[in-house]
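Everything below concerns the one structure shown next.
Labels run A, B and C following the written order; every chain starts at residue 1.
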Amino acid sequence: MKGMTIIVKTISSWVKMLIVLFGIYIILFGHLTPGGGFAGGVILASSYVLLMLAFGKEFVQKDLPLALDSKLDCLGALLFAVIAVLGLVLTDRIFFTNYLYQEYLPGKEFELISAGTIPFSNIAIGLKVGASLFLVIFLLSTFRRETSANTKE
Amino acid sequence: MSIPLPLFIAVPLIIAFVLPMFGRKGKSAATALANMVTISLLVFAVASIGKTEVYEIGKWSIPLGINLVLDGLSSLLLLAVNVVAAAAMLFSVRYMEQYTAKSKYLSLFLLMVAGMNGVILSGDIFNLFVFLEIASLSSYALVGFGCEHEELEASFKYMVLGSIASAFILFAIALVYGNTGTLNMAYISKAIADSGMNAGLAFALAMFMAGFGLKAALVPFHAWLPDAHPSAPAPISAMLSGVLIKALGVYSLARIIFNVFGVSVPVGWVLVTLGVLSMVVGVFLAVGQWDFKRLLAYHSISQMGYVILGLGIGALILARNGRIEWAAMAVLGGLFHLVNHSVFKSLLFLTSGSVEMSTGTRQLKEMGGLGEKLTFTRATCTVASASIAGIPPFNGFWSKMILVIASVQAGFLSLAAVTVVVSLVTLISFLKVQRYVFLGELPENLRQTKENRGFMLVAMVFLAGLCLLMGALLLVPGLKDSILEPAVKVLTDGLTYSDDIIGTL
Amino acid sequence: MPYALCFLLFMLGLYCAVVKKNMVKIVIGIMVMEYAVNLFLVMLGFRVGGIAPIIDRAQYDPVMRQVAAGFVSSSVDPLPQALVLTSIVISLGSLALMISICIRTYEKYGTFDITQIRRLKG
């Protein structure tokens, strides 16, 4: 899939920064406003979809190789698991407790640093969802209708 | 020392996400790590026999939070799931060398095990649904793992029917939440006991039976099983037929009917009808099959009918306020048959995988006389066939005998007769398997077959040893009281589940 | 009354998944069923004249660390919204898997018609 005209390429390379910024805002403020990890991750993935439509698949594959994306995916899930297991280790031996809120860093309400481990979980989930949705959309878009005719003979 | 319950779910989940990072070069390291995980899960499961615990996640007290519950029924099923998972993972060290992308297979396998452990341990009905979906999605992917024609068709059929079942289950959960206002199973059962059944809750129970019945492959809903189980790779067939249809289907159905909604006479009759239909239809369709694994898949349907029949007879006796000992015996027969079936059916699928790896075919008409060449496979397959046909002293005999005695005692003589007839037809079909695969003439193209050694042998011999020894679970009084009796007590006590959970805290 | 319409949508999705012969149409039928169940879940929490369940500074009393009583009695139920979020994620994963199997089946068999993809019989 080749890219589009030069007007589309220029505008989309400016707009992609806005989309990424908006996605990060939704992830970080997930404990105060609606959104959170999953919605922010979808928005991050959609910025790469915009790039894929405007520039073509080869450019995006050079920009973010699939092996790196796989590793980011696993890293996001592992980060979430580490946060949960630290609850088991640090305080009271109960899995998944919000130890930052209860012991170390309560913060004040309605500020950015308030609800304990929830922002960190949101970041981990946003990373994982963004990486894996991009992987899914990229791999599904390699479907070509004429390959069936080739394999039928 | 007591093991924190989330470890059963967290350990396979975390390792499932570490494994894809190994790539192509670290394949043997990844396999070794996965095997260590399943063996350690087996050790955890054995260490938690006989304990009961309610674990609140995040220190949020119920009903605000989610809890994990370990009682007699959960520990029995945890043992079954982890034994079969350890054996299948050992088997797949050699077997999966035929396929590419082994690290993805291993992480999908561990996700399936984590999902099943989560279903068994969960104390909250939506949490059960989420783990059910995790296990189902990994199994859809694993059925179509080698991407050949038949595997993709079977996987698509399985996936469509499984997704429809999950939609039914979620609709029923929504109806239950709308009528009771809570999601915790103990609080739901209290609310239903206080307010009684209305039309919405009865409809929800019917949808639960349809959804979980499809996951358990009971007869009107069995159409996916004869295509999905043969097309999967052999260790996955063992896991699917051995534990997935039980943990997702039969366990969830038993938990919802006995502990949350409470038994009643129509529900008992529905279970008995489903059980009888499954037994009869499964075994008569199985006798005429010429594909080894398809025959085994149809037998899975029939043996699930036995389990549901046992639970149904127990439910009927409890609903009519009959004698508790008779109901306990029927439920004991059903649950013991469930555990036995996990062991011998997974052993049968593993031996069929070993035969397939040596000869390259699954059709009974193309095999013959393999008895001299594949000695260990023949021995373990004979042990498993004798177990499923109900020949003493193997484990299938004890559980079928308990079922027959229980149904005669409760006055259902026709059901006992049906059970015995179905056992005879099972024996006929396994005699057919033995004759066509291991006795008879050795065809020309199979003269070079060799026995499979190594880990595949260890897994098969381990399960065959369990088949021989599991009669002791019933006969030795100490083992019976600590493993089987608590499970039966959880189901026959029925609605006291909610008092136990709420009273512990 | 709106619940009955939700159930009608569920039945329409079930009809589509059972009757149609094209694989992609079956997948769309399943998606309509899951959409109907999510809609039913969200509608369960609705309260007539309710407000969104988001606390902001106007309803919060920092001295007593409590929320104003009027908030709890007039907000919609937030629990079904959390359930629906989880359910949407699950159906996204299921949809991705179904579509990729459809694609692979098309590459092998050359058709999307399920009456011609029938090698497994008996």
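As a working rule, a contact is a pair of C-beta atoms (placed from the backbone, for glycine too) under 8 Å apart; a residue touches a chain by one contact, two chains touch by 3 or more.
Predicted model, so just to flag it, every value in this text is computed and none were measured.
K.L.:
Which pair, A-B or B-C, has more C-beta contacts?
P.N.:
So, comparing the two chain pairs, more contacts are at B-C.
K.L.:
Among the chains, which has its CA centre at the largest distance from chain C's?
P.N.:
B
K.L.:
Taking each chain's centre as its mean C-alpha position, how far apart are chain A and chain C in Å?
P.N.:
22
K.L.:
Taking each chain's centre as the mean position of its Cα atoms, how many Å separate chain A from chain B?
P.N.:
Chain centroid spacing, chain A to chain B, equals 36 Å.
K.L.:
Chain B to chain C: how many Å between their CA centres?
P.N.:
Computed value for the inter-centroid distance: 28 Å.
K.L.:
Touching at least two other chains at once: which residues of chain C meet that condition?
P.N.:
Answer for chain C, listing residues that touch two or more other chains: 108.
K.L.:
Quick one: which residues in chain B touch 2 or more of the other chains?
P.N.:
None at all.
K.L.:
In the complex formed with chain B, which residues of chain A make contact?
P.N.:
Residue list for chain A touching chain B: 70-71, 74, 77-78, 81, 84-85, 87-88, 92-98.
K.L.:
Per the contact definition, I'd like the list of chain A residues that touch chain C in the complex.
P.N.:
Listed in rising order, the residues of chain A that touch chain C are 33-34, 38, 109-110, 136, 139-140, 143, 147-149, 151-152.
K.L.:
Using the touch definition up top, name the residues of chain C that touch chain B in the complex.
P.N.:
Where chain C meets chain B, its residues are 10, 13-14, 17, 23, 26-27, 30, 33-34, 37, 40-41, 44, 79-80, 83, 86-87, 90, 93-94, 97-98, 101-102, 104-105, 108-109, 117-120, 122.
K.L.:
Spell out the residues on chain B that touch chain A in their complex, using ranges where they run on.
P.N.:
Those residues of chain B that touch chain A are 4, 6, 10, 13-14, 17-18, 20-21, 55-59.
K.L.:
Contact residues on chain B for chain C in the complex?
P.N.:
It is residues 126, 130, 133, 137, 140-141, 144, 147-150, 152-156, 159-160, 163-164, 166-167, 170-171, 174, 177-178, 183, 226-227, 231, 289, 291, 294 of chain B that touch chain C.
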